[in-house]
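Paired with subunit B in one complex and with subunit C in the other, subunit A is shared by the two complexes that follow.
Let's turn to the complex of A and B:
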């Protein structure tokens, strides 16, 4: 009886593994607020499915819920890689509703936005610990990458042995400094791009297929 | 019941049931919160026996009272992730806007045992400074120096 049970469990593990290999990988798009995560998610989704993932905005914390775009099939070098894109809220350790008042927002709306933002960040952290198979980490190449949030998040990603691709976004802006990001995280490959303009997306898709295929 | 004790770690370690920030009512003047900034320096030994959530509670209780918490050995990546998550759930308008946290890693080779190196284990020890977001501001940070400005309430 015990032998049969063990045999059944072994077969089950093997078949589960085979099916799991075929399941789309859930790739979380992470990074600080306003790095261009949703712009990138929309760019990828539009390029390969024709749909968008969510609204983009220059106001921080526009994305306040993790949003998933399923079964995005990316074709590269004769093979197809299928991923689920999870666009996550920008991670931070602080949210003050008063910052939203600077964007012509009423207090009531600002408080609601900050409450939703905090829930979204908590949700994003939970996804990172439990529910993603790989990470695209998006940084604004015009900002200093040596921040505590970046250091902590990269550390968390590494501690979970998740494959991670670092993207230096906003290279269309003159003050972009891709090398600074490469210097900050030398243990990872840094790919420059402009998600807004679609610059260097070919290399991004090649790397996505390579890292997450 | 032991009386209030200084919070700098060492021989004056407060009892386990009295975490930093858990000052008895009426002692505000004694802890200097009216005219200064309280700093809780928590040793690695103090944190060693605590669960992840106990560590996070210890930190956030202190920070929410307006204190600066300095951890001798920092948190693991998983604990840092949970600290961010719990901090987010506690943010409330006009009360608590979150935390500022700064850390730098110790040299990886300086405190690793031979077995750690052999197994590829990296040291998690890193001095960490945590404070209320509205009272602490990082002025400069590099791999050897963290310079912060702490304001009064």
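Let's turn to the complex of A and C:
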């Protein structure tokens, strides 16, 4: 009996390795504030589970705590890839409450939001170090990608040997420049999309299955 | 009892761990060594043991001259005898010293020296071949004059420190620069002002602990990975 059990265990280990069905990869959605990370996380979660991950907002630092959606099963080409999506707060080197005052926010609320956002960045960096098996790096295609934060985070991801998918988001906006993002990180594949409109999500799911399956 | 608190007089046995974190009764942290046989009714004399350690060999000459005029030390012991026994170990003053030993601070050495059955007797005797200055520094009691002198020296230290502090105040820009540099080196989150933060991403990434919450006063609460390890075990 013991021999049979061992045999069964080793077979299931092999199949697990092949299909990774029982061991969902934890995929962190990273990027600067307001790149559309939560919009993407909600899009993925709604498409495959029917639930949302968290509230979206045009005000920066709406996501101030990492939120996780577990066991998101994505079907591609007859294969199922199960991932845990971790939507992280936007990473930045400076948080100033004054940027929230423009969004009809009282100073007290703005200061609190600022503090929470800072905690969120610390948390996101902690997750990147400890708890992430792969990264979806979301960039706003209407912004210059050559920033200290982007360079540093991509550098950290590369140094960790984490599989990374770079998404050039907001292609629904006329000023979006996908090529600029592809030029900034030529060592990675860049996928254009509009998470808000759901444009090009098919390719995104195919790449997710390819990179993190 | 070998150790006695100089503040409240509580005694502790030799090797007692109780006194390591201060006197449990009064919190005092100065203790006097009191060998067995030391006259108990002398009671604690707070100023004496404090001054005894700093007493140096160079003070011994003035000390011996002033001992006669010092009522307190002479009431406790006989300095002349102590000097005699120290400088002339082979003389016949041993028994005399032994008689006075219960009242003498240098009692352990003397008693060993005068104990003929002790195997250490000879070695101790040989070792007492020290000059008068050493002997008096080791065994004599400080005079009130020297106590004053010592306390003045101590008092002067605090007055000197503020002077240093003033000097450092004058160099304030340098300290600011230094703080800036340290901030850059060590801080993962710099609070510029309430609601304004600067983050050192590499530092945040590199640090093991997980920052949980920032406080308005600039402190932050962190969860230490070590603590996780302990709780898991």
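Please note the rule applied: the second predicted complex is superposed on the first by the 191 of 213 C-alpha atoms of A that agree within 3 Å, B and C clash if a C-alpha of one lies under 4 Å from a C-alpha of the other, contacts with A are read in each partner's own complex, and residues count from 1 in each chain.
Here is the rule we use: a contact is a pair of C-beta atoms (placed from the backbone, for glycine too) under 8 Å apart; a residue touches a chain by one contact, two chains touch by 3 or more.
Given the structure is predicted, the values throughout are model-derived calculations rather than measurements.
Asks: Please tell me, clash or fit, for subunit B and subunit C sharing subunit A in the overlay.
Replies: The answer is clash.
Asks: For A:169 in the superposed arrangement: first (subunit B), second (subunit C), both or neither?
Replies: So A:169 meets neither subunit B nor subunit C here.
Asks: Going by the contact rule set out at the top, does A:190 touch subunit B (first), subunit C (second), both, or neither?
Replies: So A:190 meets neither subunit B nor subunit C here.
Asks: Answer with first, second, both or neither: which of subunit B and subunit C does A:39 touch in the superposed model?
Replies: Neither: A:39 stays clear of subunit B and subunit C.
Asks: Touching A:118, do we find subunit B (first), subunit C (second), both, or neither?
Replies: A:118 contacts both subunit B and subunit C.
Asks: Let me test your reading of the model: by the given contact rule, A:156 touches which partner, first (subunit B), second (subunit C), both or neither?
Replies: both
Asks: If you stack the two complexes on chain A, which partner ends up touching A:146: first (subunit B), second (subunit C), both, or neither?
Replies: Only subunit B is touched by A:146; subunit C is not.
Asks: Which one of 25-33, 115-123 or 133-141 is the stretch of subunit B that crashes into subunit C?
Replies: Of the candidate stretches of subunit B, subunit C runs into 25-33.
Asks: Using the superposition on A, tell me which residues of subunit A are in contact with subunit B and, in the other complex, with subunit C.
Replies: Shared contact residues on subunit A: 91-97, 111, 114-115, 118-119, 121-122, 125-126, 128-129, 152, 156.
Asks: Using the touch rule from the top, collect the residues of subunit A that touch subunit B in their complex.
Replies: Touching subunit B: residues 91-97, 111, 114-115, 118-119, 121-122, 125-126, 128-129, 146, 148, 151-152, 155-156, 158-160 of subunit A.
Asks: Within the complex, which stretch of subunit C touches subunit A?
Replies: Going through subunit C, the ones touching subunit A are 188-189, 194-202, 204-206, 210-214, 216.
Asks: Looking at the complex, which residues from subunit A come into contact with subunit C?
Replies: Per the touch definition, subunit A meets subunit C at residues 91-98, 107, 110-111, 114-115, 118-119, 121-123, 125-126, 128-129, 149, 152-153, 156.
Asks: Okay, in this complex, where on subunit B does subunit A touch?
Replies: Those in contact with subunit A are residues 76-78, 80-82, 84-85, 87-89, 91, 93, 97-103, 133-134, 138, 141-142.
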